[in-house]
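Labels run A, B, C and D following the written order; every chain starts at residue 1.
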């Protein structure tokens, strides 16, 4: 079994991106599976092309992309990616698409192909604050998640895949009054549990975890 | 021109639902169009059937559903509805679906058929705090929005339609420490501007309004 | 009976200050009392001197200062003023004291001489979201509240007095994503009830309203 | 040099209190000083009596009380304690005083006798999110801080002392959607730096750290 895990490079003025830092610290074997780690540029389309190259070369059984969600207090497993890019800020190469479709021939949205409720439950059971998120935004994170699921639907029907957002780490919030953070150790532990769960569960569990709005 | 506007009955232990209160206070004519107002039960599927009946009887040019998003501080125009119901709490008849598809033959998601950026811009221009939202949740609000857009896609290709979430009104937050609210007057003014804008704009404008996550 | 009510001029880059806007809109008579309105500059010490002049000229029975607390969602009645100035930003004349005592011969703090619990209860009863606050900050609002109570303790032992913080109004938060606001009408109604209550109650009521931290 | 550090037992339905957990994990020597650790009951007055016993027996040079501030995202050094108890919830023995003076012969408030700005700066410098807080609330934390500073002012004029609030730890927020947390390791590291700084600095530094409200 092989699991591809990706993290992003820093963006939006940050010096580090905890997603690639956490991915780098993952063990090379989790629950018997080989973990392949790839860094993704925070750039529209270039991010997807880098991912496609890795999917093609590695042919993983599971692909999980990880990104920074500054301001969130928990690890959040994304439920859905939508076929639109709408940049609040430019990406790392200055692109700022406004309401542009990602792939013309793609569906309006794709749901994560991961046992998202089980992943949240297992993390919570081991004291890692986690939750389902119903929006990955409209920036490069959603863009990459959409690109991953588009590829899975078009080319890799047996592959599982999805996206995990993680909070800022403490050193990033020193100058951000009021912003929550999570230690890198806890994030790495949470991602490890999430990956284990993605390996173990072929079907998701029925568990309350929706949002009223 | 005819505009159908719907609001919900109270749910989740609340005595009132500001969405139907606001809808009732709208003028019967806005920008020359007839405004038809319908109250929707906060019940999975029954809500959609009530809406379908109104669409069938009234054949409106535009249909806008309004719902309460307690805890939000601004009027939010929803961008997308997803094909899933995942109830955090039971609806008003005790149904609590977990991760159930709404319409088997529907798309994974539908984007609002409204000039959402223009609606936000016009409200903000007239001092009504407004924003785009990228998730309508997974409860009856998303369910109804999905049902509306499903009907538009399948039966009424020329109809515009979408969903607007509004904050609690002040009387609802007396016992909710920390929760923001918006006065009913301001909400009614905001909805009026939103409806005017939906009438006037056939194409949306290009305007920054996305989210990083 | 005479009640002095003060509001501040704009500061911190804002074009308006809702405190003086709300004060200006108060009736000239509330519960039979004459309402005298004074605008205060957002400047350390100059603010207190302007207040002292008004206290001396008007000899009010009650003095209530009102200030803007951007980011709060409710009207808050301040419980205590502390003998320190610690400016996060410069005042309107460029002064930025760091940890400086306000009056060397003053107490470390003074409690509001107002029926604060009754004021909150009466506002809430009439659907105005209100609460007790245990800190007025360390900027010009706390400074003026301290100056008022210092004067009451030293020169006007029979005068009642204190401070009320109010939220941003909607037009101020258009560009402040996530910030709550309150309509000016509701603020004016709230202040009116607060003033009536200050006139009617000589003793405060026993009512839960503390904070764990 | 001897430093007394106290933590509380659990209250408000929590199974643990991170304050005593963190205090227990402190080294027995910090910056050459002996660290004496005491657990305090979350009970009005009994808490102060337990502290007074420890002050009397140990005669520390510095006394720092630590408490849980659930919902805050940073370690916060309290600036001031006020002479009032106003319980939002009952304490661990069912007492719920409303607006009661703590010590009749005490001042209205006491400022912390600690280099609070230096403590925040040193923690931030080493990537521990920290800030000044201007209110310790009106519950047992403020009560104990007031009791400590009252004793310092009346009996131990050369003793330094104050109060530090810490966030929930991750395991406490599993069921508290939206609440931030901080890992126990980081809290212990933060407290260690805070204690070192309290030992090293006899005078506080001039550093921006106030609040507008």
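By our rule, a contact is a pair of C-beta atoms (placed from the backbone, for glycine too) under 8 Å apart; a residue touches a chain by one contact, two chains touch by 3 or more.
Predicted, not measured: the structure shown is a model, and the values here were computed from it.
Peer 1: Is the contact between subunit A and subunit D built from the same residue numbers on each copy (over half shared) or from different ones (under half shared)?
Peer 2: same
Peer 1: I'd like to know which pair from A-D, C-D or B-C copies the A-B interface, where a copy means over half of the contact pairs are the same by residue number.
Peer 2: Repeated interface of A-B: C-D.
Peer 1: Please report how many Å separate the Cα centroid of subunit A from that of subunit C, as a whole number.
Peer 2: 47
Peer 1: Counting only Cα atoms for the centres, state how far subunit B is from subunit C in Å.
Peer 2: 38
Peer 1: In the complex, go through subunit C and note every residue touching subunit B.
Peer 2: 73-74, 124, 127-129, 131, 170-171, 173-174, 177-183, 185-186
Peer 1: Please name which positions on subunit C make contact with subunit D in the complex.
Peer 2: The contact residues of subunit C facing subunit D are 12, 67-70, 72, 79-80, 82, 84-89, 96, 98-99, 107-111, 117, 133-139, 141-142, 165, 204, 206-213.
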